[in-house]
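Letters A, B, C, D, E and F name the chains as they come in the text, with residue numbers starting at 1 for each one.
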Amino acid sequence: MVYLTRLEHFNAAHKLFNPNWTKEQNDEVFGVCANENWHGHNFDLYVTVKGIPDPHTGFVYDVKKLSKLMKERVITPLDHKNLNLDVDFMFGKMCSTENLAIAIWEQLAPHLPQNVHLHCVKLYETARIYVEYFGSGK
Amino acid sequence: MVYLTRLEHFNAAHKLFNPNWTKEQNDEVFGVCANENWHGHNFDLYVTVKGIPDPHTGFVYDVKKLSKLMKERVITPLDHKNLNLDVDFMFGKMCSTENLAIAIWEQLAPHLPQNVHLHCVKLYETARIYVEYFGSGK
Amino acid sequence: MVYLTRLEHFNAAHKLFNPNWTKEQNDEVFGVCANENWHGHNFDLYVTVKGIPDPHTGFVYDVKKLSKLMKERVITPLDHKNLNLDVDFMFGKMCSTENLAIAIWEQLAPHLPQNVHLHCVKLYETARIYVEYFGSGK
Amino acid sequence: MVYLTRLEHFNAAHKLFNPNWTKEQNDEVFGVCANENWHGHNFDLYVTVKGIPDPHTGFVYDVKKLSKLMKERVITPLDHKNLNLDVDFMFGKMCSTENLAIAIWEQLAPHLPQNVHLHCVKLYETARIYVEYFGSGK
Amino acid sequence: MVYLTRLEHFNAAHKLFNPNWTKEQNDEVFGVCANENWHGHNFDLYVTVKGIPDPHTGFVYDVKKLSKLMKERVITPLDHKNLNLDVDFMFGKMCSTENLAIAIWEQLAPHLPQNVHLHCVKLYETARIYVEYFGSGK
Amino acid sequence: MVYLTRLEHFNAAHKLFNPNWTKEQNDEVFGVCANENWHGHNFDLYVTVKGIPDPHTGFVYDVKKLSKLMKERVITPLDHKNLNLDVDFMFGKMCSTENLAIAIWEQLAPHLPQNVHLHCVKLYETARIYVEYFGSGK
């Protein structure tokens, strides 16, 4: 097995806000992240796949195809968007980086070829905070 | 003269939108940056001051004081805010990174001691785009 | 399971020196790192915790609480300190980055809530050297 | 167990080209990477070893020795070289980053002391693409 | 005046070789950089323009246009190319980073609008070596 | 004119302490930086020289020679040292980053060839604080 990782970026607005709570509860738990007028981030997304290198190409997966898949299924729906308002696969979910990473996994996993396995979605919210998701069994 | 630079961060939402134009004109000029539901960035702000090192401290300016000034006058007003809606010193201005850098300069310049000169405001919107402003005479 | 990581920094002095050895033995094994007058580093500390995102917040753990815990238990005791002389939890230990990472783990692990598990302490001594510790069973 | 990682760099030329295919097939699969006149990269190589810290030194492995081993077995043979033409341990292999990482593993693994285990070879081809190899059983 | 900078990347092969010298002279002066089979780099290119922000857009220059210009005039001709063999605007020149930066300036300067001035071409050959060119009068 | 920059690193201990002041005065002005047991940093040093590229080499200055000069005159005297105790060219000076940058300039300037001019010494104390010095007339 060899693991191949590709980085893509997107810039988006969001807020942390639980609609079942009062404004005071949201402010207490989420602090400045609950600003009703939104804030935003430059997100860095690392997607890792694993597999056996193909003997004819030396590739686990063609990184151009991985990049294209990430752009179609994740970057285009998220880039320059409001994560709470504009993204169908985030509707009805708390808009944390954890939940966003899980949703990105679900956007990508069904579209990989059979011999290529999604291993990790690593999502930086800032240079100092990131989450990793390795699928529902891990 | 020695030049001293301090980096601070803020995360904010904004959009590029000229209220004198139609939605179509805004979309044509600003593209995805005109998304009416906002997008956002992790901004990196480098502020450079210059002066003669003090013989008693070796400092051009105490970097803790520079950091405190940046936080009070710039980071607190901008961090986890909507740059179009929440920031008094951006009201009525096009919310470009260029105009934000100029506004940050104006927030800082009057508050430095007499022997310390503001030299540069350098503002990264993304890791691939930044602007610099050296004051109105440069 | 989702993994959440937070970066904090500290700057410290140390030396590599085995008190049971002669100066010559120390110089031979540790080279310039044995300088009796100390040297120092900007340490970057990444702490990773894992857990199930809370349905009400979307959080594995509130990253503000993780940051506060790291500051109280690790950064404040280590920042702008001499690791050999000033840090009670390093007394009597060889002051290697490996041992420092283990000690940081032990500072943090008892203070996490029950549903949040410490996964990794990753400590950069320089941009080119880092160690990782995953607990005593790994 | 503690994991210790060292970063070294090398700059090299290569092309992606399968000699059993026509030029058209190579161009179709590899695109600009098949340019017959070569292209190149600054490769960043992270090598991770694991072990129990030695009680006398606090070291899993002396990082100076790890650096020396990487330079002798990997960096000197690869730096400022053409990976397809100049490197004996790449002859007859597709010159992908995946295959290069496996070959680097094989260059290093036999030369570590018995109590130090090679854990990972992580190779960045660009800042946005990297591969990891953990040995033949992983 | 505000200064606006955009980063783009290209990966290329080259060698340092003076055709008026013997192989021995080239090896003596250029060392491993003279390898006749080429080596290569990931080049990072920062282009800075300056001007007065437009009152209608807040822009010195639309960064999407700057990116497009860089791609058309510089990145496409250089990316995944051999700088000595494949690039018409480098023919007959010593292929140093200095000369490449000057040539990039000349590729860009004639194509900027009248109110936007090219200020700096900054070209990283590696993370530790870069050159800057500010035009022929500076 | 083309500007050429080289990065080198050193790791050192220091403290900020004015011997003409009481401990209380030092603590008040310098805070944790006055810790009598020292602290330390990974310093990043960027040295920029300028000149006309040589027609035979394409070089402003051979970057290998610049690196060698930096190592001999600056890195070797500073790396893994105590800046207050071990460095002759810092004796009797306040050990600020500002004064260190000036001292590094004075170490380098006399040793450059006549057609190569020292332009800037840029010294990072941490990733968030740096100083620049352009010589006594600037």
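Going forward, a contact is a pair of C-beta atoms (placed from the backbone, for glycine too) under 8 Å apart; a residue touches a chain by one contact, two chains touch by 3 or more.
Remember, predicted model here, so these are calculated numbers, not experimental data.
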Mutual neighbours - chains that touch subunit B and subunit F alike: E
If you tally C-beta contacts across D-E and across B-E, the winner is D-E
Interface numbering overlap (same over half, different under half) for subunit C and subunit F: same
Look at all chain centres (mean of CA atoms) and spot the one farthest from the centre of subunit B. D
Can you report the angle of the rotation that maps subunit A onto subunit F, using C-alpha atoms only, to the nearest 5 degrees? 180
If you match contact pairs by residue number, which of C-F, A-B or B-F shares over half of them with C-D? B-F
Need the CA-centroid distance for the pair subunit B / subunit C, whole Å please. 34
Centroid of subunit E to centroid of subunit F, CA atoms only: how many Å? 28
Among the residues of subunit A, pick out those that touch two or more other chains and give their numbers. 127
Among all the chains shown, which pairs meet the touch rule set out at the top? A-B, A-C, A-D, B-E, B-F, C-D, C-F, D-E, E-F
Per the touch rule, the subunit C residues reaching subunit A in their complex are 1-8, 48, 53, 55-60, 62-64
Flag every residue of subunit D that touches subunit A in the complex, lowest number first. 16, 18, 20-21, 29-31, 93-99, 101-102, 127-134, 138
Sort out for me which residues of subunit C touch subunit F in the complex. 9, 11-14, 32-33, 35, 37-42, 79-82, 85-86, 126-127
